[in-house]
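Heads up, the next two complexes both have chain A, just with different partners, chain B and then chain C.
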Partner chain A sequence: MIKHVILIAMLLAIYAVFTVSLQDLEQIYQTSADYFREFGVDQTGSNNLVTAILLDYRLFDSLFEAGILLIAVSGIIWISKHDIEEKNARFMLDKFKTPDLFVTFSRLVYPLMLAFGFYIIINGHVSPGGGFQGGAIVATAILILYYIDADKETNIGMIVTVEKFLYLTILIIASLSIFTRGTFFTNVFPYETSSTSTQVIYLVTLNILIGFKVALGLWAIFTAFLKEGR
Partner chain B sequence: MHFIPVYLIFVPVLAALFIYVFKSRHMNWLALAAQAVLTVLLVLYYREFSGQYENTLIVFGGWNDRIGISLVNDEISMSFMFLTVFSWWMVLIYTFEQGKTNHNFLFFLMFLEGVFLALLQTNDLFNMFVFIELLSILVAVLIAFKKTGDAFRAGLYYLVISKAAMMMFLLSIILVYNSFGTINILLVREAMQSTDSLTVVRLSYVLFMVAVMVKSAFVPLYSWLPRAHGVAESGISALLSGLVVKGGLYLFIRLNQMYEYANLNYADFFYWIGALTAVVGVMFALSQKDMKQILAYHTISQIGIVMMGLSKLHDPDMFIGGFLHIFNHALFKSLLFLGAGVIISAYRTKKVTDIRGVMRTMPFVSVFMIIGMLSITGAPFFNGFISKSIIKYGIVDSGIRYWILFVVNIGTATSFIKMSQIFFGPKTMTIRIRKPLKNFALMSLAFACVMLGNFYIPISEGFFGFRVQYIDIGTWANFFDYFLALTIGYVFYRFVIAPDPVPVRYIREHKMTFQQANYLFVVMIVVLLTVFVWW
Partner chain C sequence: MDPMLTFLVILIGMYGLSTSKNIIKSVFSVTIIESGVILLFLNLGNWQGGSIPIINGAADLIADPLPQALMITTIVIGSTVTALALMLCIKVFHHYGTVEWREILRRGEGK
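After this line comes the complex of A and B, so read on.
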C-alpha cells in the first residue's frame, strides 16, 4: 500500500515538473514549421507536408522505420515458428463461431476497404495519408478475408520473401538520386529543373512500394499470430 | 569517398537482405565478403579523413542542415567503428560452423551491424531514436533466438524495458525540438549556449539520461542485462556484452557533448552512479555459480568502472581512461564469453563447480581464457591494466574514490579466482569436436588483449589520438598492487565465498521482478529530477 502511495506521489512530482517546464517554452519556443510551409511544396512536389518530410527531407529515417517493421516481421516469424507439421492447420477463427451477419457485412466491406487503402496510398502526396497508413488499411482488409474464409491457407514464407524484395527496391529507388543530384535519399528529379508533376511520379512510386511492403508485413504478422493461437 | 559512411551502413544491411532471400548455405560466405568490403571501406575512410573530421558532415538530400538528416564522424565514432567491425569479424568467425539455421541468424546479425554503424555516425536525434529502436528489436530477437522458455522471457523483458526507456527518449526529443527548432545535434549544442539552463532543457537532459541508464545497464536499472546475456548463445552474449551495451555509453558521450554548454554539473553524480554500479555488479558476480551469469554481472561492474572515467568528460585524462576501458573491456569480455561458450558446449553444464580439468582437456582454450582473466583483473602487461591505471591516476588523491576502485578490483580478482577452479583437476572425457575457427577467433582476441597491453602508446596515439606516455607498466608498485589484490581476493574467496554462507546464497537467489524494475525506473526519474532540476 505504502509503495503505491509513494509511486503516485512520484508520478505527480514528474507531472508537476513537466507542467512547470512547459511554461518555459513561451520564452524559447522555436520550430522549423515556417520553412516547410514556405518551401515544402516547391522543393518536394508534395501538397501534403507530412509526405514531404517523410519521403524527401527525412527519407533516411523512413527507410529505417520501414526496416523496423521488416525486422519485427522476421523476428515474429522466427520466434513463432514451430517444428511440428502445420500444413493442414486450421485457424482459430471457426466458421461456426463467426456470426453470419458479420461474414455478410465483411464481404460487403472488403472491396471498399481495399479500395480505400489504395486511395490513401496513391494520394499520399495530396491529402493526409501515404504508404504507411494506407498499407495498414490494406492489411486490415486482408485480415477481414480470414473471417470470410476461415480455411484460407497462406504461405508466409512467400509473403516475407516478397516483402524483403520490396524493401530492397525501396532502398534502390531511394538512393537513385545519387545519379541525378549527387546526393543520397531525396527525389530523383531535381526540384530546380523539373516540374511538380514530374516529382510526383517519384512520390507515388515510393508510396505504393512502401504501402505494399507494410501491408505484406502486417499480413505476415497476423498470419503468424493466427497460426500461433490455433 | 565522401559517401563512404552511407556505404558502411548499407553494405551489411544489403548483405543481410540477400542472405535472407536466398536461403542457401553458400550465402554464409556473403556475410564474410560483406565484412571484407566493410573493412576495406573503413580503412579507406580512415586514411582519407583522419585528422580532418570537420569535412565528414553529410546532409542527405542536400537540404538545409536544420531540417535534413546528417551524418558526422569524429575520433570517438571512428574508433568505435573499428571496434564494431573487429567484433563482428570475431563473432562471424566464431559462429561460422553453426549449421543449418545459420542464414536466419546471419540476417539478424548483419542487419544489427549496419544499424550499429549507423547509430555511431548519426548527427540527428530522431534518427538516433529510430536506430536504437531497431537495435532493441534486433537484440531482443537475437536473445530469444534459441526459442527456449528462458531465452524468450529474457528477450521480451529486455524489449519491454528498453521500450519504456525509449519513450522517455522520444519525449525528450520533442522537448528539444520545441525549444530549439531543430534536432541536429551539432546545432542544438550551439543553441544551448544562450538558453541559460531553463527547466525544459534540464528536463530533457533527465529524460535522455534515464534512457541511457537503462540502455547501458546502470544500477538500479540493470536487471535486464544478466538475464539477457546469461541465456543468449555465447557468440551473441559476447557481442552484446562486448559491444552493444557500449552503445548506451556512446549515447552518454554524445548527449553529454550536446549538453556541454547547458551548465549541468553532472560529473559527480554520474561518478557515484558508476561506482555504485561497479560495486553492485561485483557483489552479484561473487555470489553466482553459473559461468555466464558471472561474466554478465562483471559486464555491469566493468561498465561502472568505465562510467567512473567517462563521467569526467571535461577532465581529459579520466575520460581517456574510461574510453580506453570500453575497448579493452570489449576485447577481454568477448574473449571470456566465447571461451566460456566453447567450454560450456563441451561440458554441457554452466556450473563453475561442476566443470573440472579444462587445462588438461582443452589447453589452447584455457590459455586464452587465462589471458582474458588476467586482463579483466588488471594484471600488468595486459590491456585491462592500462585503462584501469589511467582511471586510478585520476582519483588517486581523493581517498574514498580510490578505495572503491580498489575494492572493485579485489572483488573482480576474487570472482575470477573462483572461476579459475575449472582449470584444475584431471583430464575429463568430453564431447570432442574440432573447431579450428572458434580457436582462431579466441586467439585473435587474446592477441589483441596482449598487444593493447604492451604497445598501448603507439596504438592509442594512432587510433584515438591520446597520449598515454605517463603509464609505466614495469614498476614494482604495480606488481605489488596486483598481487596484493590477488592475495586478499584468494583469502576472501577461501574463507567467505567458498563456504557459501547464507548472505551469498540470498544474493544469488535474488531476482528483480518486472514490477520492481519498473518501480525503480520511476524512482530513478525522480532522483535525476531532484539532482538536475531542483538543485
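After this line comes the complex of A and C, so read on.
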C-alpha cells in the first residue's frame, strides 16, 4: 500500500515537472511548417508533405525503419523456430467453429480491402497514406484469407527471403541518387532538369516497394504466431 | 492544455509497468506509454491548429509534418517490438508454464 502511494507521488512529481517545462510552449516550439509549405512540393514533387519527408528529406530514417522491421521479423522467426523442422504453417482455428456469417463477409470484404490497400500505397504522394500504412492494410487483407481458407499453407522462409530482396532493392534505388544528384538517399531524378511529374515516378516506385515489404513482414509475423499457437 | 493530458497517458503506462504482476500486462503497459508518446508528438506538431499537411490549394496554416513522419516510424517499430515481446512471452510460458513475474523469478532462483 505504502509503495503505491510513493509510486503515485513520484509520478505526480514527474507530471508537475513536465507541466512546468511546457509552460512556455510558444517559445519552445516555434518551427511551424513554413519551410515545408513553401518548398516541399517543389523540391520533392509530393503533395503530401509527410510522404515528402519520409521518402526524400529523411529517407535515411525510413530505410532504417524498414530495416528494423526486417530485423524484428527475423528475430520473431528465429525465436519461434522449433527443434522439429516445420516448413508450413496451417491455420489453428477449427474451420467448423468459425461462424459462417464471418466467413461469408470475409469473402465479400477481402477484395475491397486489397484494392483499398493498393489505392493507399499508390496515392501516397497526393492523399493521406503511403507505403507503411498501405502495407499494413494489404497485410490485414491477406490475413483475412486465413479465415476464408482454413487449410491454407504458408512458407515463412519464402516470405522472409522475398522481403530481404525487396529491402535490398529499396536500398539500391535509394542509393542511386549518388550518380545523379551527388548525395545519397534522395530523389533519383536531378532537381534542376526534372519536373514535378517526373519526380513522382520515384515516389510511387519507392512507395510500392516499401508497401510490399511491410505487408510481407507483417504477414510473416502473423504466420509465426499462428504456428506457435497451434 | 492538450500536451499535458497526453502526458497523463504516459504516466498511466508507467504506473502499469511498475505494478503489473503479469508479463503480458507489462507489454501492454509499454504499448500504452508508446501511444502516449505518439499523441504527445502529434499534439506538439499541431498545437496551433491548422489543416492537414497536404498541399492542394492555398493553405494558410498547416500542421507540422515532421512529427507526423517521425510517428510513423514509432508506430511501425512499436508494433514489431510488441510482437517480438509477445513471442518471447509465449516461449517463457512454454518453458515455465506461467507468465507471472514472481513465479518465474522464484523458479529462476531455485535452479
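The definition used in the following text is that the second predicted complex is superposed on the first by the 222 of 230 C-alpha atoms of A that agree within 3 Å, B and C clash if a C-alpha of one lies under 4 Å from a C-alpha of the other, contacts with A are read in each partner's own complex, and residues count from 1 in each chain.
We take it that contacts are C-beta pairs under 8 Å (C-beta built on N, C-alpha and C of every residue); 3 or more make two chains touch, one makes a residue touch a chain.
Everything numeric in this text was worked out from a predicted model, so none of it was measured.
Once both complexes are superposed on chain A, the partners chain B and chain C fit side by side without clashing.
In the superposition on chain A, contact is made by A:Leu25 with both chain B and chain C. Legend: residue contacts after superposition of the two complexes on their common chain; A:Val109 is shown touching neither chain B nor chain C.
With both structures placed on the common chain, the touch criterion links A:Val17 to chain B but leaves chain C unconnected. With chain A as the common frame, chain A serves as the apex of an angle whose CA-centre rays point to chain B and chain C; its value is 60 degrees, to a multiple of 10.
By the touch criterion defined above, A:Arg58 reaches both chain B and chain C. Once the two complexes are overlaid on the shared chain, A:Met158 sits clear of chain B and of chain C alike. Judged by the touch definition given at the top, the superposed model places A:Ile79 against both chain B and chain C. Of the two partner chains, chain B is the only one touched by A:Leu171; chain C is not.
Of the two partner chains, chain B and chain C are each touched by A:Ile68. With chain A fitted onto itself, chain B and chain C come no nearer than 5 Å, counting C-alpha atoms only. Shared interface residues of chain A (contacting chain B in one complex, chain C in the other): 7, 11, 14, 18, 22, 25, 29, 31-32, 36, 58, 61, 65, 68, 72, 75, 79. Only residues 1, 3-4, 7-8, 11, 14-15, 18-19, 44, 47-48, 50, 52-56, 59, 61-66, 68-70, 72-73, 75-77, 80-81, 83-84, 86-88, 90-91 of chain C touch chain A when the two sit together in their complex. The touching residues of chain A, when paired with chain C in their complex, are 4, 7-8, 11, 14-15, 18-19, 22, 25, 29, 31-33, 36-37, 40-41, 47-50, 52-54, 58, 61-62, 65, 68-69, 72-73, 75-76, 79-80, 126-128, 130, 132-133, 214, 217, 221, 224-225, 228-229.
The part of chain B that touches chain A in the complex is made up of residues 3, 6, 10, 13-14, 17, 20-21, 59-64, 66-69, 104, 107-108, 111, 115, 118, 124, 126-127, 130-131, 133-134, 137-138, 140-141, 144-145, 147, 152, 175, 177-182, 195, 198-203, 519, 522-523, 525-526, 529, 533.
Residue ranges on chain A touching chain B, taken from their complex, read 3, 7, 10-11, 13-14, 17-18, 20-22, 24-25, 27-32, 35-36, 43, 56-61, 64-65, 67-68, 71-72, 74-75, 78-79, 161, 164-165, 167-168, 171, 175, 177-178, 181-187.
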